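Two complexes follow with chain A in common, the first pairing it with chain B and the second with chain C.
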Partner chain A sequence: MLEIRKKWKKRRGAWAAAVICLFPAALICAPLLMIPGGALMDGAEINRILAPVLGEGKGFAVWHLIPLYPTIGHFYRLLIESPAFYQLFWNTVGMTAAILFGQLAVGLPSAWAFAAFQFRGRDFLFGLYVVLMLLPFQVMLLPQYIILQKLELYNHPAAVILPAIFSTFPVFIMYRGFTQIDAEIMEAARLDGAGELQIFLQIGLTLGKMGIQSAVVLSFLENWNLVEQPMAFLEEQAKWPLSLYLPQIDIGQAGFAFAVSVVVLIPALFVFALGQDALEEGIACIGVKQ
Partner chain B sequence: MDSKKKLWRGFAAFMSAMLIMTYVSRMVYVSRMPQIRWMNPIASSIQKKLQVDGTVEAVNSQAVTGLDGLLVKKVCVASGDRMEPETVLYEVDVEDLMTQLSRLEAEEQVWQGQVQAQRREAQEEIVRAQEDYDISVAELDRKIAEETALLEDMMEDLDTHLFRIPKEDASDEIWIAWADERLRLDREIEAKKRAIEDTNFQKEKILKQADRSIEDAKQAQSEVTGAYAPSFSAIGQVQAREDKIEAWKQLAEDEGKVRAGQEGTVLEVMLQSGMRMGSEAVVRYADDESGLMFSTVITQEQKSMLHTGDSVRLRFPGSSEEVAETVDFIMQENGGYTVKIYLEPGVARGRTEGVMEAASTSEIYDFVVPVKALHNEGGNCVYVLEERNGILGTELSIRSLTVRLLDQNEDYAAIADDLLSGDMKIVTESDRELENGAAVKEWLD
Partner chain C sequence: MRGKWRLRWKSRRLLFLLPGFAGVLLFYILPFLEVVRRSFFKAGNNAFVGVDNYHSVFENGAFAIAVRNTALYLAMGVPCLMGISLFLAMLLRHLAVRRRFVSAMLLPMAVPAAVMVLTLRILVDRQGVLNGILTNVSEKYEVISGFIPIDYMNSEWALVVVLFSFLWKNTGYMVILWLAGLSALPREVEEAAKVDGAGRWQSWHYIIRPGLSGSFYTIGMLSVLQIFKSYREVWMVAGSYPQEQIYFLQHLLQNWYLKLEFDRMAALTVILSLVLLVVCLLLQKRLEQREKRAKRG
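== the complex of A and B ==
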């Protein structure tokens, strides 16, 4: 009995914290819960529910998690009758893949260089990377626009891909991953006669894998949902990513918009699930003080 | 690790499904897309061809009236037939004809009997009136003679009295008595004269009445005998009956065959076997002396293509005859326009129907498109084919362009608008209904 009381006293705080966090957690998750229900909801039902929100009714909008008149009509329309959706889907896939490959090609050596080598100006350069990482997109918009115009890349997918490839955030994440590698291991490899490229490929990529994966997952999620860059630099709709498809749908087609949201979420969920472990470890690395 | 593999497989399956559905949705999208054909508008004139059916009519048509009350046994001619003198037009039922003839003759006999009786009565009436006249004249003459004799006596009495005038020295009483007597005699004479005048006046009055009675009697007699005509209708009826009897007798002798009186072309036959005729026309025909004319009715729209004096071609179904004629006049009536064309002698003999063909060429218009390209969306419009950049890339789409319709025929329309140009691609044909802004694909022949 005494044991039970001691255990309860120990866990009491944890339970209290859980209960306190439950409410904000529910609030945060609520929009996510609306998506599957809304995607299966009849258009008339959605319009009736959203009438107070749209200023066409009185009182509050009361959402039904389970639709009264479930339908797959929105999915049918999206998947069968909306070729534009697929056009933008594959645009997004292409853009995101190009950005990720580019970031790995450019960011990996950069991050390794910062982590593995001591050279003059290293701290200044890394500080510059951090500053660039902190700059919001709006600050960079005009310079980027001018440069892209000069390079005649405006209204070209490269206008979105190239600036993203040279993003400093993945470098920072991967750098933090590489810094977790014990310096003695690399020293031992050098003593054994391993070259720098061999050390990078065999030790750096192997031991810094979690940081790399973490950077890839975070970069994927960021670039899968790019809105401002394509909106600013891509004029032709045919080159837009999927993130600009949803704003094209008016409020009268809310059910269709929910269906789009569901399908758009699927790749992101897959990537998140595949890289969840690495993401947690990579984020943990960021917090470790050198 | 297995779960990671499953996730990778799931992700691959999802992407594969998305790839397949990309093609499927494209195919569905394209299958619902209207297929169109297009052309650039051309500068051209509009050829208008007018073709209308009409009838061949006689300028002055003649009519054969029916034999009132007789039964048609057989109709021997039809519209368009030529007829010569003595051509049998139709036959009447002879048995019925004989029955009708007997009835008519019986009516005639009854009527003749009635006339004889009425004549006798009228003659007697005249005699009686004359006797009354004579008696009245004799009576009044006798009365006047008596009154005149009395007047003469009174005149003698007055002369005698004047002769017996008193002497100058006679007394006043004598003179007064003499004067009174004279005054009495004068008054009586005057009264008698007035009586004679009254009798004369009465005589004249009675004689006039007697004369009128005689005249009435004579008039009644005349009506019966037909000496003069106070009632033409009565005489006409008698004459008509007599003529009818005569004609029917001749018809009976010719076995009920009704023959044409002159040569011509039968225009219309309003007879059927077994029908009993009235007195209206039963056959209408055009004699060869009066010409034929082509008549038709055109609409307001067609009127713009045809004017008086225009040359037209006429064809007559069932024959190879085709002639060029001139429109003689166009007259507006009954919401349309009646066109009359007088035909040359010998043209369309034996024809009752024809087809008129006329052609006209307009001025040259800048933009002419097929009529099929013209649509009506609250006004005339055409669909212009354009390239449009959308989510699916560069697509063909159509845009509605409102135009003014200047002229048209069955195949082409002349249009105008400030925005029109010769290099515009005008949609001329589609396999389904078009909407402004719709994506389309070109027809694959």
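== the complex of A and C ==
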């Protein structure tokens, strides 16, 4: 008895902490539970329960977590009867892939240069990258509009892709990952006669893997969701990404909108689940001071 | 031999940075300098007007409102996010199941903005689910006697809604960052202090807080970044001309862009980047000073 009490006393703090943390965790997850139910809900049902929000009824909207009459009608309409959806879906896939590939090709060596070398102006340049990273898109809107007009890229998918490739955020994340590598390892490799390229490819890319992976995951989540950039630089709707398809759906078709949500969410969740460990550890190495 | 090696080494390391920097120069820095130049000229006829564009920004009524709102949002959002996430991280850090919690809290990062906006609209509409629940509760238990449904997005509650959705989306992200900062602290020091009879507050004040000073800087930066990014959701929920409380500087820039008022927009772009630059420099200076002091002490 005494032992149990002692154990309890020791664990009391942990239990209290867990219980306190349960609230925010539940609060954060709760709204997400609406999505699958909504996507499977029959149009009449969802319009009935949302009638007050649609301005067609008194009282308040309610929500059924589990639909009364589940149907896959919305998915049928979306996946079989909406060719526009596929157009935008592949736009998104293409854009995201191009951006990620470009960011890796260009950002990886940049991040390595900041992490591994000391050169004149390094601190200044890195500070500049950080400020560029912090600038909201709307502040860079006019400068980018000007350069895209000059290069005649306006209304071309490259107008969204190219500036994103040279975004400094992934450089910052990957840099943080690289700074975790012990300087002595690189010194030893240099003494053994390894070339800079060899060091980068063999030491940097293996030991800085976490930072790279988390940069990829963060970039994916960001670029899978581009809203402002395509809105500003792409005039033709046929060139738009999927993230601009959903806002166009009227709330009167909420069931259909939820079905689109599910389809947009699935790849994001998939990448999220795949890269979660990398993401967590990668984000973690941003947080640690080098 | 040595000299030759060094030369090669130097040119190699330049090659690493060059492609990326060329792009940054082309797509960010050079056009920005062009905007600085244009901010002193009239947009239509390219006539030099000195600081007239800046005058017209400062005299703009919407500018004053947007500055106030953006400052307020930053002043509320950043400390709230940092405080709440630090509190949660402190609670979670010795917990065995903390990864489960962190994963759950991180989930909103994967949720596309449009999906988040759709659920938000259903929840906070004047006849939405939230008001329905509150009304039910007040009728049943008479806790909030005579609850009047709030039209959240069209009243001064709009900023609160925006703030909550910002916290909803970003708390998990920041909790991870804090956990990382906390895990880097040497555990022995804290345990030794505990043995010596230091209370919770004392160990927080003398050991944990000073040890986190670098994290404060990084997490503060990223919180500001996330505040700016949350404009996307605000705009998708409330459009280009929302309730006055949530009319931010980004709305102003975007609306001027759509109205092709490029001269004023150039001036505002320059002003905002300067402010951000100065804030960054000051923060970094302060951090460096603190580190120096820590080393000396």
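Heads up, the rule we're going with is that the second predicted complex is superposed on the first by the 287 of 290 C-alpha atoms of A that agree within 3 Å, B and C clash if a C-alpha of one lies under 4 Å from a C-alpha of the other, contacts with A are read in each partner's own complex, and residues count from 1 in each chain.
We take it that a residue touches a chain if its C-beta (ideal position, glycine included) is under 8 Å from a C-beta of that chain, and two chains touch if they have at least 3 such contacts.
Everything quoted here is computed from the prediction, not taken from an experiment.
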*After the chain A overlay, clash or fit between chain B and chain C?*
fit
*Return first, second, both or neither, reflecting whether A:205 touches chain B, chain C, both chains, or no partner chain.*
neither
_Going by the contact rule set out at the top, does A:104 touch chain B (first), chain C (second), both, or neither?_
neither
*Angular separation of chain B and chain C about chain A, which is computed from CA centres of the superposed model and rounded to the nearest 10 °*: 110
*chain B or chain C, by number of chain A residues touched*: C
*Thinking of the overlay built on chain A, is A:158 touched by chain B (first), by chain C (second), by both, or by neither?*
neither
*Given the touch rule stated above, what does A:227 touch, chain B (first), chain C (second), both, or neither?*
second
*asked:* Quick one: is A:237 in contact with chain B, with chain C, with both, or with neither? Answer first, second, both or neither.
replied: first
*Touching partner for A:251 - first (chain B), second (chain C), both, neither*: second
*Of the partners chain B and chain C, which touch A:83 in the superposed model: first, second, both, neither?*
first
*Thinking of the overlay built on chain A, is A:189 touched by chain B (first), by chain C (second), by both, or by neither?*
neither
*Working from the superposed arrangement, determine the closest approach of chain B to chain C, counting only CA atoms, in whole Å.*
16
_Contact residues common to both interfaces of chain A (with chain B and with chain C)_ = 271
_Interface residues, chain B side, partner chain A - complex_ = 4, 7-8, 10-11, 14-15, 18, 21-22, 24-26, 28-29, 389-394
_chain A partner contacts - residues on chain C that touch it in the complex_ = 9-10, 12-17, 19-21, 23-24, 26-32, 34-35, 38, 84, 88, 91-92, 94-97, 99, 101-123, 125, 127-129, 131-132, 135, 149, 168, 171-173, 176-181, 183-184, 214-215, 218-219, 221-222, 224-225, 228-229, 231-232, 235-236, 249-250, 253-254, 257, 262, 265-266, 269, 272-273, 276-277, 280-281, 284
*Partner chain C, residues of chain A touching it in the complex*: 13-14, 17-18, 20-22, 24-25, 27-29, 31-32, 34-35, 50, 52-53, 57-63, 105-107, 109-110, 112-114, 116-117, 119, 125, 127-147, 162-163, 165-166, 168, 171, 195-197, 200, 221, 224-225, 227-228, 232, 243, 246-247, 251, 254, 257-258, 261, 264-265, 268-269, 271-272, 276, 279-280, 283-289
_Of chain A, residues touching chain B in the complex_ = 79-90, 93, 236-238, 240, 245, 266-267, 270-271, 273-274
